[in-house]
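One chain, chain A, appears in both complexes that follow, with chain B as partner in the first and chain C in the second.
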Partner chain A sequence: MAGLQTNKKKKNKLGMRRTGFIMAFLAPTLLVFCVFYLYPIVTVFATSFCKWDYTNITSPEFFGFGNLWDNYNYIFNKYPFFWEALRNSTTWAILGAVVQIPIATLIALALSRKVKGVKWVRNIYIVPNMISTAAMGIIFLQLYNPSYGIINPVIRLFKKGFSDNILLLHGPAFVAMTCAYIFFTGTTTLMILGNIMAVPEEVREAAMLDGASGLKQDWYIVIPMIKGTLKTVSTLAATSGFLIYNEVYFLTKGAAGTYSISYVIRELAISSPRTQFGRANAVAVIQILAGMVIIVVVNLLYSMNLGKKRIDR
Partner chain B sequence: MRKKLISILLATAMCGSMLAGCGSNNAGNAVEKETESAAETAAASEEAPEAEASQTGEKEVLEFYHGYYQDESEWAAAQAMRDIYDEFANAHADGSVTFKPIAVENRDDIVSVKVAGGSFPDIVDAGGGGVPLAAIQQNLVYDLKPYIDENNLQDAVGINYTQHDQDGHIYAVHDQIESRGLWYNADVFEKAGVSADAFSDWASFGEAMAKIRELGDGSYGYIAGQGSSFIINAVMASSENGRKMLESELTEEVINSDEFAEAFKTAAKLDQENGSEHTTDDNGNLMADFNTNGTVGVLFNGVWNASGIDASLTEAIEPVIFPGDISIASAGGGIAVANGMSEAKTELALEFVKYMTSAEVQEKIFTEVQANPCNMTLDLNALAEGSGNAATMKLAEACSQVNNAGTIVIDMGYTWGSDVKSAIINALMECAVSGTDIDARFELLQKELVALIG
Partner chain C sequence: MNMRKDKPGKGVKNMSAFTRIFTYLCLAWALLVALVPLVWLVISSLKEDPLARPGFQLPESICLDGYISTFKDLHVLRYFGNSLFIAGISVIISVIMISMSAYVVARMEFKGKTLVTMLLYSTMFIPATALTYPVYRLVNSLHLYDTRGALIFVYACSGIAVSFFVIKNYYDNIPRDLEEAARIDGCGYVQTWLKVIFPIARPGIMTAAVLAFLNNWNEYYWASLVMITREKLTVPALLSTFTTAFNTNYNGLFSAMVVIILPPVLLYCFFSKFFIEALSGGAVKG
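What follows is the complex of A and B.
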């Protein structure tokens, strides 16, 4: 009995030591996380309930519980571009996951084929993805230029006499802006491609012996095996779609119903001569919450899909 | 046994590191104390910088941030401005304060960051947005009015004296005036069979633009969007009420006024007829069509456009002011000085304001920088003739027209705010699309503006 107790004590001591070691090694990371991640998030959240503009730029004032939601009330009920921006950003987030990821997966599958010249094509494909989104914005501005761009002549093939600036047309402007980013899937493609390459050769060979080759192999073997990566890149694509800013800034500056959430934050915090930091942070809180929702939704969708597969089996 | 040995070694290592830690903590305390005393010294030196400077023999530095960072080959005016600043620095090289001009691309960001942190650059040539309201509210900016009055610089600072007056305080002096009128291509006008009478009223202007479009050789009326926002400015300036509205902050009353409605709808109608393909939020995107290609009838731009006109078009391009003998002149941003600097630094900063508005420097701003100087004592025509430069002659003509217009008003962007102006420009650009319901878009704009000022 005494021996058992001694053993228990020893185990406890060892456990404490292990926890101590773990804590010691985690401490620097936790510190950095608290200073560079947690503190800004908490500040953004706290100041979204404060009056913080040009009149009190160095000392945000808490509204008090009676007027706690003043900034949010302004954003939801008065600020003219918020709902438009939220709708656009959400649509870009969905398109990021629904359009960008299938495109990236198809390209990655194509690039994973062992055919002559594939390495060369892979490098060529990556080049445009190294151009910054800002530079891309300027390039697309030229592309859409109604006087010398290449889009208007194409439209004229179907609609004679068309001369309007498509970046000023409600609807087409949104599509034009989406096209300016959605096909640039370089990083995503590389991540997927890396995972495809990691699929063991034996698995492929086994599939071949079972009669699965080409597209069947991709559908039944490769894609299920890279599901984890697909979930990650879907989350990344959806969040980056939700955060779109450069395209709005360079192409339309919000005209023709193309405001985005990030652009709204800029308008409130920087463009407005009234420097409305408090209100901008209220929008930022909504952006953070939306980001979390995106992560949850993507996870949910992928787990639902997985569950269905299991039942099928 | 081995486990015990390892445990002892680990314990020894831990004790050693603890002792070392405590030791360094003591050392740390010592460093902390040193730091504290250094901080105290720094605080003391901030309180009495002159005494500190004289004790250590080190010179104070007066940092001046400006936006003329471009290479001479890219924009010659930037080099001309830098030369002017360097001349001042050299002239005061022997003084107790070193004048240090710093050219930066992100000047406005630097100012914003400093102001958000509760400080202000020693001196800054504030950009288009002007001195941030937040800086003025925090009392970070020096009031230049007493200095201007004591030294009788009213004529030297010109329009700054009235436009930058904020309840009896002047926080910035711009050495150049943002003077705006129109430029037109006489050759295009002649081809279309129209004359400069087109600028007598907005209806005639619209008819002239229609005739230019009818030419069918790729020519078009004017570059709309950012440029046509000045139509709103000019139409509002044509009535006394409108002028008052332009000079004050934007209110709900102004947004719902007939003057604003008429001004917006006049501009929007002209823009729609002109076509959305010639509409841009940045004039620079289509500027070459006017200055180089000669395919545009009219350009809404400042007097400074004189230096951008291609030599082959100098003869054809002429300046003119808005219908109704109206011009737009704004002091805009300008040189702003920080509050709470040492006496020596403040003195040199004020000396710099005087230098920049002096006749000698203002002449250079006109002839070398090719901008409209703020100093009202200069004879620009005589200076232009003396220079013998065709672009400078055009500039003189444009400046003289703007300065002598029957009505001179401020750019609404400076009184109503840049966010308001960009909302107006966006609405105008959308109206340029054929078939857009201008009345409906105006109603939407009204709602947007009411919300923006809320």
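What follows is the complex of A and C.
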């Protein structure tokens, strides 16, 4: 009897210890989550319905239910750059999934073949991804410079006497900015390559026996097998495309129709002389929601594609 | 003997001409994309006046003035020091924190585990830019604005999801017998983690740390937001002063750019094996 009780006590003590350990080890991360993510997100949502700008910095005022959507109204109907920014950011998100991922996959497949010098190419291809996008932005700013860059001489081959700064031309500026980041897919390529290398050798051999080699094998055997990774990297590429800021800041500062959503938020909240926190947070809410939409859309697209493949068989 | 060489579908000999040409085209494109901007930058930095000899023309004579002034007048080493300090401290804080909670989530059952996991994963999809103003205000109210502490705070707190993902995956692959053995030997929970699990999980934790360090080293958005004093800036934040600071001194600008991108590139050259294994999830050997 007595022995059982001490045993129970021991167990209880152990349970307490266990709970204490779990709590102690989780606490720092959860604290960070609450301070750095939860609290700011709640603030963003709540104050997107408040009058809050440079005139009342310390005390946001709730609009009341009658004018609940005032900030959103302003953003949609009066703020001149919102639709441009949303269109650009969405385009960059789509290009991330539609251009970056195929390029990254093609290069990863090429790198997976045992060709001479393939290790060198792989190592060199990742170098630009080790450099900050801010530095790459400045390098491209110089490349695009009309008087000493290398883009204008190339354009002059097709169009004699071209001497404009392409970053100031509506249209070309957007293309130029996109080209300043979109081809650097080093880390994505490596993640895909890692997955390609993990495809078991037996599967490849079986494919060979069925007469599928080279590109055919890649398309019918390898790609379906790495679909999970492709979905993940597509989501990441689309999300980071939607969030672009550095390229805009360093290349054009929003000139010639190149605003992005992140740029709008920072301009409204920090850099403009008449800061408008409530409205900036309204744009931030849209950015968060758009991020969720991107995840859902990419997931849907990949599951649709998979379904089709199965029917094909 | 030649088994390895003759593996099907991978060696050059087994490829059809089309596949081979296509492969080489892809590789050539990869080289072109990576090298053109960087080679152009280095060539330009050696020209006394890049305006006089634009494009890929080689310099008449090699001019190193820009490099000398980058160290002498720009004091670039100071900013490297700032970046190293800020990125280093924040990585240490975040990695210790995450490896503790990832362990609990990977190994123990408790109420609300799914919720905790979901919350931490969700941070991957919360754009930091959307939190610009609340975090900016938080930094101000903690009296951290324009201090190195501000950036350490931001970096240690952001990027939870990726580190969590990498480290938890690593824990999942460690056999549970080890802990049981340690428990039987009389180790408490903390001791078991500290003395048995942490050393074994070190490669996974290092991977997370390297990725986080690179991110923090290159981070521009927050670095330009919460710091003002020039002496305290990190390397990326210093870049935004470049376009105006150098005005028409292009030789100086190009040289400074080369110096600034050099540390991460050198670090990568020395540890490329490590980087490549880390980024490819261990499947590609460097």
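We take it that the second predicted complex is superposed on the first by the 277 of 313 C-alpha atoms of A that agree within 3 Å, B and C clash if a C-alpha of one lies under 4 Å from a C-alpha of the other, contacts with A are read in each partner's own complex, and residues count from 1 in each chain.
Here, a contact is a pair of C-beta atoms (placed from the backbone, for glycine too) under 8 Å apart; a residue touches a chain by one contact, two chains touch by 3 or more.
Keep in mind that this is a model prediction, so the values were computed, not measured.
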Exercise for review: Have a look at chain B and chain C on chain A after the superposition and call it: clash or fit.
Suggested key: clash
Check your understanding: When the two structures are overlaid on chain A, which partner does A:100 contact: first (chain B), second (chain C), both, or neither?
Key -> neither
Practice item. Determine, under the contact definition given at the top, whether A:274 touches first (chain B), second (chain C), both, or neither. Key: first
Exercise for review: State whether A:134 touches chain B only (first), chain C only (second), both chains, or neither.
Suggested key: second
Review point. In the superposed arrangement, does A:88 touch chain B (first), chain C (second), both or neither?
Key: neither
Practice item. Check the residue A:256 against both partner chains and state whether it touches chain B (first), chain C (second), both, or neither. Key: first
Practice item. Classify the contacts of A:239 with the two partner chains as first (chain B alone), second (chain C alone), both, or neither. Key: second
Point to revise | More chain A residues in contact [chain B versus chain C] | key: C
Review point. Between chain B (first) and chain C (second), which, if any, makes contact with A:41: first, second, both or neither?
Key: second
Practice item. Pick one for A:178: touches chain B only (first), chain C only (second), both, or neither. Key: neither
Check your understanding: What is the contact status of A:147 with respect to chain B (first) and chain C (second): first, second, both, or neither?
Key -> both
**Study point:** chain B and chain C contact sites that coincide on chain A, given as residue numbers
**Key:** 141, 147, 270, 277
Check your understanding: In the complex of these two chains, what residues of chain C are touching chain A?
Key -> 7-12, 14-16, 18-20, 22-24, 26-27, 29-31, 33-38, 40-41, 44, 50-51, 54-56, 97-98, 100-101, 103-105, 108, 110, 116, 119-120, 123, 125-127, 129-136, 138, 154, 156-158, 160, 164, 188-190, 193, 214, 217-221, 225, 235-236, 239-240, 242-243, 250, 253-254, 257, 260-261, 264-265, 267-268, 272, 275-276, 279-284
Check your understanding: Along chain A, where are the residues that touch chain C in the complex?
Key -> 17-19, 21-22, 25-26, 28-30, 32-33, 35-37, 39-41, 43-44, 106-107, 109-118, 121-128, 130-143, 147-150, 153, 183-184, 186-187, 190-191, 193-195, 197-198, 201, 204-205, 207-208, 213-215, 217, 239, 242-243, 245-246, 249-250, 261-262, 265-266, 269-270, 277, 280-281, 284-285, 287-288, 291-292, 295
Study note, to complete from the structure: Interface with chain A, chain B side, in the complex: residues 112, 115-118, 129, 132-134, 137-138, 275-279, 281, 285-286, 289, 417-419, 422-423, 425-426, 429-430, 432-434, 447-448, 451-452, 454
Review point. Which bits of chain A are touching chain B when the two form their complex?
Key: 53-58, 74, 78-81, 141, 145-147, 152, 163-165, 168-170, 252-256, 267, 270-275, 277
